[in-house]
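Let me give you the structure first, and then I'll get to my questions.
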């Protein structure tokens, strides 16, 4: 058997893949957080709840309407994005003039309310969501066995990340977003409906979280608490990356996912906390974060 | 001459401090107006209040016969008013061309991108570099140029020559003259008195949040004593 | 929360001389009530309330007086509970020494967490404290002495100073009340000390405080450790009251709960968190018998508070007509 650093190659690559999958979710979620924070100056604590909502919408669509995974991948982000937009317009938008901490506290309450409601309605236990037929099974790469769905998650989330990056960096809408991040009042004075842009951005961020949730449904179980602990890890990812850069959020997400996977190989006891430890070390060495601009 | 902008009894506040105390002014179609006054008398606030950026305001603002008081900030530009702020407001994360294309076109009468590049050849050369990598003078040109694309009828400029070299100031003067020939109405605040007297048709003199005098450029020589007194120059 | 960005919501009560009198009268009435309360309420309920009230006051010391929002205070509360429980159960320490160990342990954890977290401000500070306290949660989940999911059970209350039997409910209650009063007195003293004044000036204008030559980071860290130690005092005593220490007290939900208590009672008011804690604990007790989940209510109350009730109960009272007539001046 081939060994690497005294570990069987199979196990090593297996954990690397799991790390890459986790990293995909970290990247998608921290990307959404960074986009929302950039424009709204709100840390969206409800991001984990919106991720959970995405998975639940997919599950309920399947259970009640027999709607497939593929359609759910489109419908769930739209539904959750719309709900997010309504919340932004009716409630969150009243907090922009206040200290950003109030936005954090409001979305924290929102997360509790959403997760509590789903726990009340569906119980805390996870429910399985099966892998779509087209992506079932696996393939032997010669050096390891790759479940096709896992490969798909890595590829499609990378596509979603790059797509979002292109949307922000290369399109007209993206130039509005970037400009409004710098100076919202001036952009509005130029005739751009900035309040609408904020609503759209929050909806986009929530939709992105829901998209990640649908992707996650077949990998993990669908449960009301699936986003709870995840969001705290994603906060750490965001602190490590610094929220100044979209690309930084993506790269940091994948890096930390892989670091976590490798820790599982070499020192499993620390795998839960390795991301927090990295965060602490980065803060001590480079407080602004790896890609951060402000201190 | 038909008035394009009419301001009556305009009051404005920044939080607790009352800055404008009943500003009255009229800007005719195609006129180039300069507001003079010492620092802190409310010139910039007047511009920002007309634009709708300062929302704590009372009084009347009529633009092209339309009451502007209830118009939300993002609709003001669509009524035909363009704004070049004092700090220029060039976006660092946007390229020069993105900066240029940012403000939405509100009327068909604006310049095309080609015309703008013809008027400002430097911007064409540096179209893909980040906006804030330009020199101060180029940034000012970009700030003006991007409004010209939109087709607004009234251009509001806050101290366009501040901190710029004489040769650039001259260039901005030429641009403003070109605009005037095309029938643009311009309202500007200016500290550079010589520059103002070269481009303006008419002056408003401001003190303590009010307009205290207005006179055409022809009366400038006989008004110099009063100007010295109010401006303290 | 920084003064420059949200002056309109700043809650601060300036007391005129008449208010000092009213205030003293209220305090005496409150103390008198607490002295006789065991005759009317279950002691265990009252003790729980006092522990959480002290916890919330300790938390408010940081948020209300330095503007730092910690999302990781469960670490100090729950951590101290473990330390105290371990010391009295495994090492046979007396309760007062066990509690002191809890306080010292919480202060040490506060020093470490504070040292890392004060490198960033505002929203980042909140996220970092949350992440570090999640790390502590995982540590407690895996460490030997915390006994994992079971927690430390059957913690003996023991004899205070070796001769006061805390298994007698009344003795235990008055011990908790004494700790509560001492804790409040320490907070009161701290806030009104020169150190507290400097913290206040840092909150109002950090740049100015820096330019006056104060080492802002040291003062923030000092406040953080102080707040952690007092939260530890509350947590240590709580483990004696309930005779166990479990993972519940180190979860992020617990950190959220103490924020809610403070927000509900009035950020930056000395007695607001006590009322907030009272309300939350009562609500939890009430809902404990129904199967309706507390988190939904907690979440909704959070949202409502942030949207329309940012001054909290006591802040609103100070700002109300009655409050002002009694001499409390609400300053924006």
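In order of appearance the chains are A, B and C, and numbering begins at 1 in each one.
We take it that a contact is a pair of C-beta atoms (placed from the backbone, for glycine too) under 8 Å apart; a residue touches a chain by one contact, two chains touch by 3 or more.
No experiment lies behind these values; they were computed from the predicted model shown.
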Q. In graph terms, with chains as vertices and touches as edges, which category applies: line, ring, star, complete, or other?
A. line
(Q) Please tell me whether A-C or A-B has the greater number of C-beta pairs in contact. (A) A-C
Q. Cα centroid separation between subunit B and subunit C, in whole Å?
A. 55
**Q.** Geometric centre distance via CA averages, subunit C-subunit A, whole Å
**A.** 32
Q. How far is the middle of subunit A from the middle of subunit B, if each middle is the mean of its Cα atoms, in Å?
A. 44
**Q.** subunit B-facing residues of subunit A, complex
**A.** 172, 175-176, 178-179, 181-183, 185-195
Q | Parts of subunit B lying in touch with subunit A, wherever the complex brings them together | A | 51-53, 73-78, 82-83, 85, 89, 91-94, 98, 101-104, 106, 150
Q | Contacting residues of subunit A [partner subunit C, same complex] | A | 43, 91, 94-95, 97-102, 104-106, 108-117, 119-120, 229, 232-233, 235-236, 238-239, 269, 272-273, 276-277, 279-280, 283-284, 287
(Q) Can you tell me which positions in subunit C touch subunit A when the two form their complex? (A) 1-2, 5-6, 8-9, 69, 116-117, 119-120, 122-124, 126-128, 130-132, 134-135, 138-139, 141-142, 252, 256, 259, 263, 292-303, 305-307, 310
